[in-house]
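Submitted below is the structure of interest, expressed as structure tokens.
We just call them A, B and C in the order they show up, numbering each chain from 1.
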Amino acid sequence: MSIEIKNITKRFPGYTALDDISLSVGTGELIALLGPSGCGKTTLLRIIAGLETADAGSIILEEKDTTNLPAREKNVGFVFQHYALFRRLTVFDNVAFGLNVQPSSVRPSKSEIRDRVEHLLKLVQMDWAIKRYPSQLSGGQRQRVALARALAVNPKVLLLDEPFSALDAKVRQELRRWLRKLHDDIHVTSIFVTHDQEEALELADRIVVINKGKIEQQGSPQEVYDHPANAFVYNFLGNVNVFHGRVHDGKVLVGDHLIEGKHELDLNEAKNGQAFIRPHEIGISRIRSGENDLVGIIRDIRLMGGQIGLEVETSGFDKLIEAEIPRETWQNLQLVKGDEVFITLDRVRVFSGEYDI
Amino acid sequence: MGYTVFYLSAIVIVPLSTLVFGAFRMDPQAFISTVTSPRVLASYRLSLSTALVAAIFNAVAGFLTAWTLVRYRFPGRKVLDALVDLPFALPTAVAGICFATLYSPVGWIGQILAKADIQLINAPSGIVVALIFIGFPFVVRTVQPVLSELEPEMEESAQSLGANRWQTFRKILLPHLFPALLTGVTLAFARAIGEYGSVIFIAGNLPFKTEIAPLMIMTKLDQFDYDGASAVAFVLLLISFTMLLVLNGIQRWQQKAYQ
Amino acid sequence: MQTNHTQEALIITNPNRNDHPAVQLILILLTFLFFAGFIFLPLGLVFAQAFQKGTALYLEAIRDPIAISAVKLTLLTAAIVVPLNAVFGVTAAWAITKFSFRGKTLLISLLDLPFAVSPVIAGLIFVLLAGSRTSLGSWLGDHGIKIIFSTPGIVIATLFVTFPFIARELIPLMESQGREEEEAAITLGAKGWQTFRIITLPNIRWGLMYGMILCTARSIGEFGAVSVVSGHIRGMTNTIPLHVEILYSEYNYTASFAVASILVFLALATIAVKALVEKRVHNQ
């Protein structure tokens, strides 16, 4: 089922949560709304679910305008950040709730409900806990039950509000992969909200980056990661080195060093600009590989699992440059603190203007 | 929602405004001469002063009780903790006859006090005793939750920085607990100003001496002096509303302090 | 509740946080002394006085027809007041915690009102509103309805004094529970009533129960307000506390304390139930 979000605006006293947002989601897609806290992504999700009303714009679910439909008639599944399981009901009754409250004319029979609940709990691997109460389950288990509960009413779309943010790192990662697999199996159109770029990159078919109530960019994880549309997206998705400088002929002058970006950008107008490069895009070597290379001295070396983080000081830059190289490269180069290295910034990207994050 | 509004109007807003409008309809001259008559003034003075003394006593006793109940472990603690609510649950008239009997010259405590030539019955000090009883749970029950939710880290970090027990208490704990304490004391004070049932038995109700303001209203009503009763009540109501405003202010200040 | 456990552990494990044993002992003794004077002595006195002249006289005082009619009127009042206040308390707490609307602050302030307004004034306003001397009162009188100096007046005055008790119990409870469960129920297609009955009500039932018990205790024990509106007609408009007062002022102390002992039992039962409810909530 497709979702069409048209020109949604929502204002709260003092600020605008959503500013004329339009977005379409195709049938069976898994979309991530990614942005910093307070950017409006949760508000958008709640408006789609009918838990909040928009000041302007419309929500069209499967070619039917549902903007003014009350939440209980929208038939969307909603998964809450803190699970929101009914604490006085058993796992079974939680999942059966949506079916039990249907009018008797359309409500499935008792045995049908039982079959469906058991099927769903198997699907989320929670069938062993059918008689338990939410308080007897761990966070990850509760969220699986919450998911089964949302799916029980055959929702047209599934909305997940920061579903994994209350879980610890290991469970989060596990549940994330599991959800991806589940989505591949059942293919219900889903939108999830997150502020964790890693989660969005790993899980989503498409990422929508939101900031201050506006969409900054949307595209496949690869697209937004490799080709960020602007400085904000670059900054928000992953670690990045930022150099502030003056733009001149498509190049940025930082300190006394001229950085030349490989990507084309219209820079004729702007006077100030920023150059971005991700730590792992920086080339480090013992010998000069190009005439544009910088010379730097390693100030710190950090072990970060499979990668090695380097902090390099260069003349002309007031900030240390952060670089990441694979462990083997580090071992081959036999780098230690104080070594002189050559730095290649070929893959730098230049954006005009100053950007506040 | 409709029910809430209707209920409040019928039970609270309409009846209260009757009193307020009634007072405004009165001849201003008559109103002023009623509320400034020496006997009425004496009753206001008595109500306010006894309520204040009781509130101050409760600030100390209530705080120490809350402290003891939260921070110490001793046999009987849970029973005492539960019994803090007794003044809430016990009808005021029962409390009234209890204190009147206890402190009468032949009563359990009165006998002992009589030997020292102290008389609490038919005296302002007796009223204070009754008001302490009434106001006590307000202080304990507002301080207790704040005290028990206090993070140990606060005290521990103060101590690790070299503060002694007393400094920690005075500079860290007391400022933190103060808004709650003030709320409780104000509540106890407001409640004590209007208290009737527990006081009239021990007070003896001597005009100019031990006649509290609520009793003044009662007396005027018994004489079918409705206007006089309204006038006295109106001023008492003003005092109560001021207390509510103060309370609101304290709570707002408290919220700000915690943000 | 989790924090409470860790705190208890810390009190025991961190000696630096505990006061000097001598200070502890003094404060504990002071507390016991205070409770002895203000709680235990009055309680003991009630029973000592009530049984002073033997069980027979105690029973006689309680079985007195006037006492029994006072009990009946008191129970009738409570039976009307408590359900009305329960409905009000639940709807007001529901509105205050789950929605935002104009006048919310006013509503919250009004809930403090009966604590600050003298019970005598609470009685007086109804005399002023519906007494025989007012236009409303005389109109009602013409239609054969008597409010002041009769049962309806007692009920209404008691309503005023006790209306916020249940709401005040529920508001912090419902606030701490948030609205996520209700929102989840709505997205699953539940109607307002279904959400309330299946989700909200079970979550608040202990708080509601305690609020109702507190409200019952207060409506049974209310003295000042009822005293103003009742007119003290023996066997007609006497509640238990008023009966206690009349007996006391007639120097019939034994009977007075005998009847008062019923009220003491009720008060102690209220406290016991509260302790039980808190334990229930604590364990969850």
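Everything below uses one rule, namely that contacts are C-beta pairs under 8 Å (C-beta built on N, C-alpha and C of every residue); 3 or more make two chains touch, one makes a residue touch a chain.
Just so you know, these numbers come straight off a predicted model, no measurement behind them.
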**Q.** Centre-most chain, if every chain is reduced to its averaged C-alpha atoms
**A.** C
**Q.** Most remote chain, CA-based centroid, reference being chain B
**A.** A
Q: Looking only at C-beta pairs in contact, point me to the busier pair out of A-C and B-C.
A: B-C
Q.
From the mean C-alpha coordinate of chain A to that of chain B, what's the distance rounded to whole Å?
A. 56
**Q.** Gap in Å, rounded to a whole number, between the CA centres of chain C and chain A
**A.** 52
(Q) Counting only Cα atoms for the centres, state how far chain B is from chain C in Å. (A) 17
Q: Any chance you could list the residues of chain B touching two or more other chains?
A: none
Q | Touching residues (chain side chain C, partner chain B) in the complex | A | 3-4, 7, 10-12, 14, 16-20, 24, 27-28, 30-32, 34-35, 37-39, 41-43, 45-46, 49, 84, 87-88, 91-92, 95, 101, 107, 109-110, 112-113, 115-121, 124-129, 131, 133, 156, 159-160, 163, 214, 217-218, 220-224, 227-228, 240-242, 244-245, 248, 253, 256-257, 260, 263-264, 266-268, 270-272, 274-275
Q) Taking the complex as given, what residues does chain B use to touch chain C? A) 1, 3-4, 7-8, 11-12, 14-16, 18-19, 22, 61, 64-65, 67-69, 71-74, 76, 78, 80, 82-83, 85-86, 88-102, 108-109, 132-133, 136, 148-149, 152, 155-156, 159, 165, 187, 190-191, 193-197, 201, 213-215, 217-218, 221, 226, 229-230, 233, 236-237, 240-241, 243-244, 247-248
Q: Spell out the residues on chain A that touch chain C in their complex, using ranges where they run on.
A: 49-51, 70-78, 80, 82, 84-89, 97-98, 101-102, 135, 146, 149-150, 152-153
Q | Residue ranges of chain C in contact with chain A within the complex | A | 180-181, 183-191, 194, 198-199, 202-203, 284
